[in-house]
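Here come two complexes built around chain A, the first alongside chain B, the second alongside chain C.
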Partner chain A sequence: MTKIKLAVAAGSYCGGCDMSIIDLNELLIPIDEVIELQYWQLAADFKIKDVKALKDNEIDITLYHGPIRTSEHAELAHLFRKKSKVLIAYGACSCFGGIPQLANPFTASELLDETYVHGYNMDDSGPNHMRTSSEYKKGRKMTLPKLLDSCLPLSSEVDVDYYVPGCPPVRDQWLVLIDIITNFIKNGELPPKGTVVAGDKARCEECGREKPDEIVINKFLRPYEINPDPEKCLLAQGLICMGPATRAGCGNQCTGDANMPCRGCFGPAPEVDEPGLKMLSAIASIAGAKKEGELGEEGLKKLMDQVVDPFGTFYRFAVPQILMHIKQKKAKEEKSDSVK
Partner chain B sequence: MTADGKKSSKTTNKRIGVFVCHCGKNIAEMVDVKKAADVSKDLEGVVFTTHSNYLCSEPGQKELQEAIKTSKLNAIVCACCSPTLHEETFRSAAENVGMNKYEVEIANIREKCSWVHTNREKATEKAIKIIETKVEKALLNEPLTPASVEVNRTCLIIGAGITGIQAALDVADAGFKVTLVEKSPTIGGHMAQLASTFPTLDCSQCILSPKMSAIAHNENINLITNAEVTSVSGFVGNFKVEIKEYPRYVDPDKCTLCDDCVKVCPVVVPAEFEGGLGPRKAIYMPFPQAVPSVYTLDIDNCLGIHPLICSKCRDACGPEAIDYDMVTKIKNMEFGSIIIATGFDLYDISKIQEYEFGTDVDVIDGIQFERLLSSSGPTSGVVLRPSDHKKPETVVFVQCVGSRDPEHHMAYCSKICCTYTGKHALLLKDLAPDTEVYVFYIDIRAAGRGYEEFIQRAQEKGVIYIRGKPSKIFRDGDKTIIWAANTLTGERLEVEADLVVLAPAMIPSFDTKSISLITKCSLDEYGFFKEAHMKLKPVESLVSGLLVAGTALSPKDIPESVAQGSAAAAKAISILSQPKLYHEPLVSTVDEDKCCGCKVCQSLCPYGAITFDDANKTSVVNEILCEGCGTCVSACASQALILKNLTHKQMEKMIHVALKEEAK
Partner chain C sequence: MSKILNPEPKVIAFLCKWCSSNAADLAGVTRMKYPDNVITIETPCSGRVDPNYVFDSLTEGADGVIVAGCHPGDCHYVVGNYKTLKRMLLVKELARQLGIEEERILLEWISSAEAKKYVTVMKDFIEKLKRLPPNPLKPHGLISEVKH
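Up next is the complex of A and B:
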């Protein structure tokens, strides 16, 4: 059997996605039989120059973890796109921006200032201790990649073939991926472009909790404030569970045994563009429902004010479309400015 | 102005016509209609554009129909006034020449453009943009057909006061079967309690009892008293209703109305019908003209329906009409339409502690005074004060008790109190001309034919009207003292009265809330039922086929209640006489492939149109009940709920076009 050439590349990621591959345990054996690794820094000491030396489209499949946070990530994305037949965004960050995209409301300089200038354990030496380049041999300079003003999913930079969402993706998705890989080897066939390797409905479908006929929130609770009834819908208990707006396929990990509300790491449900907005709209609909007259505008406002950190709650894993547009537009302007 | 060479839209095969209306100068003055028509020619799918002086006029509509035929249009955009005005006009015009009427779009360039702007150039630009968004919507519109449903030709009327009685008679006279459900043992409601009616002072019972008797004898009317409606499901034309009929323990077919049971009953309680001023037994008939004419055993006050405890009434009953084994009957019935006429109650005056109602027996309410005036009442029409049964020498009437008091009680005007207090005062003066009669009022509101003159008549008879609201009413020995201020003269007043009659606010009847929950007919801030449109749909609710009439909606006098009863009957008849019912297809639908069954939408639908399919684990929208409001669509986080011809895709494209310039 011919082996397929696989690469695993990464942008700004935490390492969890790599671990999710290692976590496959015995499943790695059949995988190893059909693949030939071209690049995976966790597994062996591959060099970028080796990848650069490959012919275009020589790698069959590349899994890319993490969003595009620095100029280096963007370069890597372009490099692997060029060298691979199939590019798969692997993990919530790569698919939708993930946790790192929460920094999007701020510019790069604001982020650096917050961390390296105003940080509480910084000394008074001012911004001078921020060094983005240094000379390490006579005349040889080493420069850190540039921190971009945005943190966007892989698809904002290059064309992506498939998406494997999750923070991190789970074993069930790998079973599908292995099918895709073996089918590719045997028949050379691939699923349609843009396929998302996950469920095809929203999360609530696979959640076994009992849903009452009337889901109304009169007081918002955060997970630490309640020991939720494990049999009953979490939304009905006052917790903001992203289930209705999130794609199924995670195997009910959080809402199951963990007894925690869904945070939305599987990204938008099929054909939903703005899961955060949709969920906000749903929450606004059920908050104080049927008591609008009683609560009045003031009461409703107070109720909605109980939602702590709306951006981090509703957009925890996916970049809002509007922010994406703004950031991309800015990046374009900057590029054209630098050309001038 | 045909663009002959142009093809229909490639993506959706639409051939769109754009018609820009001048509306005389209304639009044309501020918008360059010719330019708007010219520019629209270049939009995708548009094959015909024109502008005409009055598109809604007969020639305008002819022109529109001609264009549809000659240019083979399958969608049109009319740029004119608000869709609330002429959408239906253009839809039927288009339908008459074979186009699907749901492919007609209105671009409102009058109310939302020409009328509100002063810069012609910018207004024209905006008008064009409005047209563009509608063309974009029209491209993705689908031809729809109204949903049709069979009609069950029966009507349910809840509540048998004068409103319900009138509605039942009208519907029955039109030839439809009516089921009239009343909670108390007899029909007649509050009107049966009244001594006489203003302003003509004719005897209330005398004008009501013929109608009550007609109810009893009308073959089309199925009267169920001592019963409650406990659940309503289904939709217009096909309501499924559960009615709970409580046992009265007396068989109406066997009862001969001999009164033997009443004589032997050992239990005496205050009679509700007499406002508590007279007695009744535990087995009783509320009043002689009661319909159905049968005794009722009041189980709450009876010693116990067990021969070992007391079976005096059963033993006394010659025809063996009394049956202690009667049980509650549950009836499941189907109706085409429902009229709610649940009426009113009086505001609980004991909440107004400064008036001592309930602690001072000589402080009574209007209904109790009616009973004192009534010749069939507890005093046989002689006004005596409850404490010592003496004729009162000074009687004080107080209006606006609990009404027009937004800080403490009800904010609204109870509407009928001014006139009925005038009636009370006048009747009292007639009965006992020497009585000193005072009326405390805030304002006299006696709008209605002959009402103002009626109040003047009372004043001419010597009733003293004082503008001011009593601050305190309290007992002092033999007298009841009223403290007040005359707001016209500024004097402080203290009146020693023998009898005080309060005119409490009319409030929704006790069962209004539960009926609202059962029928999903919404309530206003005070708990009255809410009509679909205050002016144009006064007896319809937001739930199609569900009508509301009388004081269940707001305080009203008898003529208004009767008029509303008839109005609701007419509306019910117009539903029941349809061969089939049609419903606008602009409703929301569930994409079963996307619905995850989170149930978030379930309780939000104001029309009760959403149910849950337990087998498929998805929500289901009932097309007949859905009014297309979109509440569920915005609540659906999975985007599984879609509004027909206003899909997310259409919205997105319209927004895109509307914001196009800014995006550049």
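Up next is the complex of A and C:
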């Protein structure tokens, strides 16, 4: 049997997605028999120049994890798109932006200043002691990848064939992925482009917790303020659980044994385009429901003030559409400026 | 007075069918004058205004968005305007976090008799928007192409 060529490439990643592959344990044995690794920083000693030496479309499947944070990540994304037949966005970061996208409201220089100039433990010698520019000394040039002003998902840079959401993806998704891979080897068939390897329902449908007929939140709580009842719906207990707007398929990890509200790492549920705003709308509807007249405008303001950090709560894993547009437009303008 | 940065702001106004929309009609019938930078959209209730509409308007290049509904307690559907109030509080906070000026989003209560209030609200809002920089997404959105 001919082996298929697989590469695992990475953007601005934490390593969790790599570990999720290693964690497959005995599942890796049948995978190992049918694949030939072409690139994987964590597991094999391949260099980028080895990938560059390959012919176009020579790699069969590339798993790309992590968002596009620096110019190097964008370059890698284009390289692997060119060299591979199928490009899979693996993990919440490369699907929707993930945790690193929370830095999107700030520009690159603001981020660097915050960390390296005004940062805790930095001395007072001023901004000059830190080289935050990507080029140092003309003549003796030392270049680092440029930190971009945006942190966007893989699809903002290149064409993506399949999405495997999750932070990190779970074993059940790999069973589907292995099916896809074996089917590809045997019959050369692939599922339609844009397939999301995860459940096709909302997260709440899978959750075993007891849900009341009508959910009302009279006081918003954050996870540290309460030890939730493991049998009852978390929204009904006052915690903001992203379940209603999130895709199923994660195997009930957070809301099950961990007894924590869903954070939305599986991305939008099918047919939902702006999960954050939909969830924001839903949360606002059930807050203080039926008591609105009693509470009045002031009371409702106080109640909504208890929702701390709407961006981090409703958009923890996905870049808001409007921010995506703003960032992409800025990048385009910068590019056209540099051409002039 | 601060400088005028955006002489012709474009505004999308979502007006409740039962009150604010009637106020707009009344303002027209009584020949009150207000700037023509406003594009009005009638909605069944202010509670029908999805936060997505607000952000979509901004994405398409609107400089400001007004959501107008009945006074609290007067909603035709009992609690529609309370729902909008709660949503808009969160929407404004979210906009602020995303780096969009929260002054661009306005929620007002305008009953069907308050044509005068409707006109002053529009005038004031547009005056305020003139002093903000244009929407960064402006030259490319759909709304920029609308001509009066």
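A few remarks follow.
Going forward, the second predicted complex is superposed on the first by the 330 of 340 C-alpha atoms of A that agree within 3 Å, B and C clash if a C-alpha of one lies under 4 Å from a C-alpha of the other, contacts with A are read in each partner's own complex, and residues count from 1 in each chain.
Here, a contact is a pair of C-beta atoms (placed from the backbone, for glycine too) under 8 Å apart; a residue touches a chain by one contact, two chains touch by 3 or more.
Because the structure is predicted, anything quoted here is derived from the model rather than measured.
Of the two partner chains placed by the overlay, only chain C lies in contact with A:Pro310; chain B stays clear of it.
In the superposition on chain A, A:Lys5 makes contact with neither chain B nor chain C. Of the two partner chains, neither chain B nor chain C is touched by A:Lys83. By the touch criterion stated above, A:Gln321 is placed in contact with chain C alone, chain B being left untouched. In the superposition on chain A, contact of A:Ser285 is made with both chain B and chain C. After overlaying the two complexes on the shared chain, residue contacts for A:Lys211 are found with chain B alone; chain C is out of touch.
In the superposition on chain A, A:Pro105 makes contact with chain C only, while chain B stays out of contact range.
With both structures placed on the common chain, the touch criterion links A:Lys301 to chain C but leaves chain B unconnected.
In the superposed model, A:Gly293 lies in contact with both chain B and chain C. For the contact definition in use here, the residues of chain A common to its chain B contact set and its chain C contact set are 278, 281, 285, 289-290, 293. For chain A in complex with chain B, the residues that touch the partner chain are 200-205, 211-216, 233, 235, 243-245, 248, 269-272, 275, 278-279, 281-282, 285-286, 289-290, 293.
Considering their complex, residues 105, 274, 276-278, 280-281, 283-285, 287-290, 292-293, 296-297, 300-301, 303-305, 307, 309-311, 314, 320-323, 325-326, 329-330 of chain A touch chain C. Listing the residues of chain B that touch chain A in their complex gives 525, 593-600, 602-604, 612, 617, 631, 634-640. Taken in their complex, chain C has these residues touching chain A: 50-52, 55, 58-59, 72-73, 79, 82-83, 85-87, 89-91, 93-94, 97-100, 136-137, 140.
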